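When the chains are written out, they are named A, B, C and D in that same order, and each has its own residue count from 1.
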Amino acid sequence: MMNGAQYKESLRKIHPTIYYMGEKIECVVDHPMTKPHVNSAAMTYEMACDPKFENLMTGISHLTGKRVNRFTHIQWSTDDLVNKVKMMRMIAQQTGTCFQRCVGLDAMNATYITTYNMDKKYGTDFHQRFKAWMTQVQENDWMVAGAMTDVKGDRSLKPSHQADPDLFTHIVERREDGVVIRGAKAHMTGMANSHWMLILPTTNLLPGDEDYAVACAVPVDDEHITHVFGRQTNDQRRLQGDLDTGNAEYAIVGGETLTVLDNVFVPWERVFMDGQIDFAQDYVARFAAYHRQNYGGCKVGNSDVLIGATSMIAKMNGTNKAGHIKEKLIEMMHLAETMYCCSLACSYEGVKEECGSYYVNTLLANEVKLNCTRNMYEISRLAHEVAGGFIATLPHEWDTNSEITGPYVKKFFAGNAKYDALDRIKIARLLENMSGGTALAESMHGAGSPQAMRIMIYREENLPAKEAMACRLANVDLSKYED
Amino acid sequence: MMNGAQYKESLRKIHPTIYYMGEKIECVVDHPMTKPHVNSAAMTYEMACDPKFENLMTGISHLTGKRVNRFTHIQWSTDDLVNKVKMMRMIAQQTGTCFQRCVGLDAMNATYITTYNMDKKYGTDFHQRFKAWMTQVQENDWMVAGAMTDVKGDRSLKPSHQADPDLFTHIVERREDGVVIRGAKAHMTGMANSHWMLILPTTNLLPGDEDYAVACAVPVDDEHITHVFGRQTNDQRRLQGDLDTGNAEYAIVGGETLTVLDNVFVPWERVFMDGQIDFAQDYVARFAAYHRQNYGGCKVGNSDVLIGATSMIAKMNGTNKAGHIKEKLIEMMHLAETMYCCSLACSYEGVKEECGSYYVNTLLANEVKLNCTRNMYEISRLAHEVAGGFIATLPHEWDTNSEITGPYVKKFFAGNAKYDALDRIKIARLLENMSGGTALAESMHGAGSPQAMRIMIYREENLPAKEAMACRLANVDLSKYED
Amino acid sequence: MMNGAQYKESLRKIHPTIYYMGEKIECVVDHPMTKPHVNSAAMTYEMACDPKFENLMTGISHLTGKRVNRFTHIQWSTDDLVNKVKMMRMIAQQTGTCFQRCVGLDAMNATYITTYNMDKKYGTDFHQRFKAWMTQVQENDWMVAGAMTDVKGDRSLKPSHQADPDLFTHIVERREDGVVIRGAKAHMTGMANSHWMLILPTTNLLPGDEDYAVACAVPVDDEHITHVFGRQTNDQRRLQGDLDTGNAEYAIVGGETLTVLDNVFVPWERVFMDGQIDFAQDYVARFAAYHRQNYGGCKVGNSDVLIGATSMIAKMNGTNKAGHIKEKLIEMMHLAETMYCCSLACSYEGVKEECGSYYVNTLLANEVKLNCTRNMYEISRLAHEVAGGFIATLPHEWDTNSEITGPYVKKFFAGNAKYDALDRIKIARLLENMSGGTALAESMHGAGSPQAMRIMIYREENLPAKEAMACRLANVDLSKYED
Amino acid sequence: MMNGAQYKESLRKIHPTIYYMGEKIECVVDHPMTKPHVNSAAMTYEMACDPKFENLMTGISHLTGKRVNRFTHIQWSTDDLVNKVKMMRMIAQQTGTCFQRCVGLDAMNATYITTYNMDKKYGTDFHQRFKAWMTQVQENDWMVAGAMTDVKGDRSLKPSHQADPDLFTHIVERREDGVVIRGAKAHMTGMANSHWMLILPTTNLLPGDEDYAVACAVPVDDEHITHVFGRQTNDQRRLQGDLDTGNAEYAIVGGETLTVLDNVFVPWERVFMDGQIDFAQDYVARFAAYHRQNYGGCKVGNSDVLIGATSMIAKMNGTNKAGHIKEKLIEMMHLAETMYCCSLACSYEGVKEECGSYYVNTLLANEVKLNCTRNMYEISRLAHEVAGGFIATLPHEWDTNSEITGPYVKKFFAGNAKYDALDRIKIARLLENMSGGTALAESMHGAGSPQAMRIMIYREENLPAKEAMACRLANVDLSKYED
């Protein structure tokens, strides 16, 4: 296992093509825009090497029998599933933001199950290939970006019906030694500072879509890959100093990229699906369920920080004794813990798959995320309410630091005299940046948009069984109405 | 273990003093007002004797090593805690209402822990006494009413400061052979058809309140006890027929009583607390947590029925194909499963107490119930929206059955022609009665009012730890502000 | 104008055929089930004769120049529209429930406009006929039931496609002297104690539905009409005493009937629409808008009572000083006043129609009611939360009055010692009955179900104009995309 | 009246001291940070000169009898109050953001009433002074910043108890020719591009706070005043191009400043309050009510734009035909129109003050804003849900425009092929910037924080009257309990 420093060193050795503001990012470890995201991901390495977190941060690989970072671990028990959630809350309490590495973890676990199931039906050898690659991932403690979400074009059309066939990633050529793929993956969390990406399909597929049924592992710095680093709310602040970013060390969300795959060659040993359209939906649903599970971990950890910031700002404002402030803090905690409960429940209710690994309860995993798409907005709204309007009008940090205006700023942004005005500004900036644009949108759409959860909930619930319960109690003979 | 018939037979042998509509109820098994509640409680006996439910419905007593009904079982593992929730959802799907027996179960489990802890501190022998009585409960498969909630008088005053000292149950005399208690317990679910009640304190106590720190077991038919059977929404309907009650077999909620204790003598062997005011708050919190755990079981089972009724009524109305109807059903399921997740989470996260039994996670158990106080209202609101206005204006069943008006009713309450109008009315009546007054108020106040949960959440959350997380990320040196 | 006593006397003179509990109701003024509804409607007569309410309760008829009860008044100014709302809030504060008479008022106003518009297009003389009848209504101060809602059968089928053609009211015969109609009207508020009903269509109609395009006035006691009085939540309580009904004088909601029209003959002078299917949708929309306008009047008046009851119960419980209680009362007031604002806005923004009368703003009138379908549930939920669980478990009033159990009840339901326990019970019963089943369902579906409002809002808003605003600001040339 | 160009020209002639990013802003008309705010304010001048908007944009001054810009108009009828709301919605539909000028308008109207009332009680001549200055404001068509909100320090302490006396603006010296004031005003909307500011107190005052009871008019470019221009979410984007700002012409919110008053001299003729602490609360409440009235105008106009953007993005994504998308658009419109209703209602229900001007209904004005603090967040949440996750990960505009990455961006952000990908990005950026951080926080705290509204609602409602209504209906004799 690598520690944080080793992880950063390893990133210096690869040279992905990443653009931001019209220029190439030479090194993600040093570039001010990517640096905090690297720091956040590094936390997943650093804490894993700390013996006191061993239980939550690591697992014993069933492939090698060695202790591995939990982010490269195939879930091998319900304890693994539960510990994943607890680990995520714990790390998020440290970083106050996304640490990115779960996407690859979830993609690997979904692929583990799906390759097994495909092989069983079709006699292919995807599972063996995948295990071989997974072993390398564990041995090298690679960070793997889960690359599912295609850019998708017209949402009402299937992949093969799009005006441009590249709007979903697809195989454009099958060679003796491998395949060539083309397309683009959007919102690629942690991609810029990963070693590998694990590509998987993004939607259920129908006959005619066979070329879109592709899963494979590709190095992030493949020469035919271009990453465009996405901008975030207030991203320019981190180019100008630390104060106004609120969380200078780790920033917000995950640092997403648009990752363009422009005729990328993948050798067969790293191809894990090739044309099995009947497995696409299940593959996607599994990845999504594993990934939705997480949101009651990391978002709750982030909420812990935001609740703490809100409580601090109330003290600094002199309002912390007011009953209605306390009620709002309780409401924030309530909303956060509800998400946590859903994550725990879907983990504990996980089941062993035929391949031996453990999979979360699909229905309950979708509950996690659907709650998240509302609760995080409400938590943020309450944070705003308690904080006060100055989070929206605070001066630029250069004005706070200026000899001319700085004294005014520090004099007039004083709250409760016990606290330094500058500390009050710091907490306000943390709160502002955690509760704003990108962070909210990520709560909404990360791991899938709410309608995707609703569809899954409808599919997973047994509505006819419920109808039968009602009819029995109401003394209605349902058999009359059966076709 | 008794089965349902044996349970009913056992009730014929005791003769509690119960009044309703100004008259004594001679036999709760036969009286039309109490009969459905007896039927519902009988389900806890009947299913326990069915081998296919053995896992969920029974446990192995650590006291006797024998298999006992789970409703008399001391929680001896986290599996026990989880199975309790799953059992409750399952039974509720059968009865569509409260089956009452959990209150005593939770009281017994809270008493088990508290008596152990009191003995440890004070060298008393409450735990031994309690185990002896518990053994009898298990052997006889008694139904025990948990008797916590005092009538409470002026909510701003502690017990010993009330204008009338009897507004909280208290010891009025200590004799050589036992104590004499006086007071009244309100909202006593299942009391009318229980064998015993287990009395415990209702609030934290301060010096001066010593006489109010009393726990003990008393037979329901003690001669100094008078029960007044509480009325419910639409309770008179069950005196007039089955159709309009919706759920004629099991009715709604639990059939609560006001139970007046008018100088009841309790021998020492059934006294489990006597004056230990410093244990009252913990005792209450434990009972409350165990009890709040349940609401994501039984209320979700009830919601399953209500969702099923809503889905049926949509079919019968001819609206089931509309997108917005489907969205509303999904929302109902989402709200229900969220409660279920909270119950599972607080159970799986339960811990072993020093006495050997298992206790739920207090914080998460409070989350269950706080969600319930909102979600059940919203589920009901959605059920109303889908059902249509006729749930509020349907005729009396005597008019439905009348030779004069019946044909009109059946002709004009037809919906989708595939379904009998009478079946449509039946489902509407079920839905109406499950989503109305008493059922809602019970979701609000059963197992404690929402403010009680908020206080517990505030107490259980570590707010200073969260403040520290925020300050660390915002680069605020919190040590400056420590006193 | 009649006063309350004269109104009741007038009801004794007509003999509609009304059934309840399998028996004919001989006189609605005296029958315990209908009496409170009569009392409530009588308030619209009584207050109109009180000079201090003249401004709100009456208007000057444009037909006769005489002062008439506002409930028979054609809206002749925006002040009329506004005063209608204020009148309704005022009366509802007196009755705590529906006073029924607005339905006919709204039906008459919608008919006034629609008959004018039909005549203009088709050269018919419906408007003249209608004015003649309206003059009689005003002269006699009749109470008119607005009879729109058909029973509707399969909601996915138009009237002429139903399995049974009678599921929407239709003309079955056209004679020289008039028409014969058949069908049934459901949820007929105030019908049992009205003098006349004004029948209008219930949905938009398509070719083939011509016989369903019928509007006409019919006396409530026509020999071919049978009314089945609908039951309500807790309706039996009013047969057993006053205490448990909460609001003994006026009861809850409006006392709805299923009104069966079994070949009713209507002479031409009282037929106001006959086959004009192209006017059905507009007719319905106008009636609905006028009627939805009301809900920010009457429901807010009812809410004022419920808020008052909640504030009283808090005092009686001893919780009124708690900050969270005050917050809940504020929230209840906020939700109520928001509905009131919508009603005022749609009234002030009313416009003069070509026929001279005033019509509300359709869009904003639909906002009123859509808010009502949520706010009333939330207000009720908050009332429950503040009140406490005893609203769901209080004893039957015969037990409260019994010599045996009465003393216990009065002793143990004491709260703050300043208040009589019996008064606390009275307020609790009022609160219970105002916040329960029928009252909620009426808030949901009265004046149309929420989806009907949503459809109207979508229809009334100018979405392309909004798109154009966005495109202009985003510098998107929308003309490129026009077809 | 000035037109837009004349307004901008007039700003070039004054030289306020404004800092941003550590440097002085030389000219607000040209500086990229302030320019869009100037553009937005200029719309209030430009539209007033367009004859087709004369009715909404102008009024006849009661001071001079001349036609004046409505933003300098004293409300002289309820029509004026209503037209103000409609004007604001109309302008906001053009700018998609705050146009700032209402704050001064509301401050002037509150001052008009308060000076009259103070003079009446104390025989002072504030009203005359104020009218003289107002006449100049109208004649010169000045933009006036309403300067109420002090920085407030410890929110639990009154002004004279703060650790630093300057945390509320106060008089530090009374001279023969005027007063000297010190302090700072926070969140000063439009200040940077106003001609004058009108200072008023920020809270109710108690004995000892006399020096804080000060109102006066001061030129924005007074030499003892320093403005620090507050930063906003994504403010740096406007320094780098137009695309990513979404609304390049008008930006977001109002461009707030911290305005430091460092011993500013004000001659007596511009002092409108001096020590009358007993009028502070009423003064503040009136300003707040006038200002809260606006939010159902401007925020609804902004919402119209946001709803339009959401509808466009759905079309561009290919999701506009989905039922759930339509439901979300309806919900957004519903939430917006509800705010509009509240604004209209509080305006129409306005009353004439003794001084002759018109004042809104205080209670209903507070309802407007309390709804706004929730509805704007929910509207934004729904906009995010419909838009999709790419609003949070779109590339920097320099990458969109780059020769290297631009082709990728435009290829892969294509949606429905009918629409240019760049147009899709433009709409997404508009939506992102309108629904993010500063815009939300402004909806929460502009015109006062929610708790301020709750306190006002509690104060304005007549709770005892409601209690009496409930008691009358419940047959409780309230007179027994009167003290």
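Simple rule for what comes next: a residue touches a chain if its C-beta (ideal position, glycine included) is under 8 Å from a C-beta of that chain, and two chains touch if they have at least 3 such contacts.
Since this is a predicted model, take the numbers as computed values, not measurements.
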**Message:** Considering only chains that satisfy the touch condition with chain A, which of them also satisfy it with chain B?
**Reply:** C, D
**Complete:** Greatest Cα-centre separation from chain D belongs to chain B
**Request:** Please compute the C-alpha centroid of chain A, do the same for chain D, then give the distance between them in whole Å.
**Result:** 38
**Message:** From the mean C-alpha coordinate of chain B to that of chain D, what's the distance rounded to whole Å?
**Reply:** 51
**Item:** CA centroid of chain C to CA centroid of chain D, Å
**Value:** 39
**Request:** For chain D, write out the residues touching at least two other chains, lowest number first.
**Result:** 324, 327, 454
**chain A contact footprint on chain C (complex, rising order)** = 322-324, 327
**Fill in**
The residues of chain A that touch chain D in their complex are 19-22, 149, 151, 153-157, 162-164, 166-167, 184, 186-187, 226, 228-234, 236-237, 240, 244, 253, 256-258, 260, 317-319, 321-322, 324, 373-374, 377, 380-381, 384-385, 388-396, 398-399, 401-402, 404-405, 408-409, 411-417, 432, 435-438, 440-442, 444-446, 449-451, 454
**Prompt:** Contact residues on chain B for chain A in the complex?
**Reply:** 82, 93-96, 242, 246-250, 304-309, 311-312, 326-327, 329-330, 333-334, 337-338, 340-342, 344-346, 348-349, 363-364, 367-368, 370-371, 418-420, 423, 426-427, 429-431, 454, 457-458, 461, 463, 465-471, 473-477, 480-481
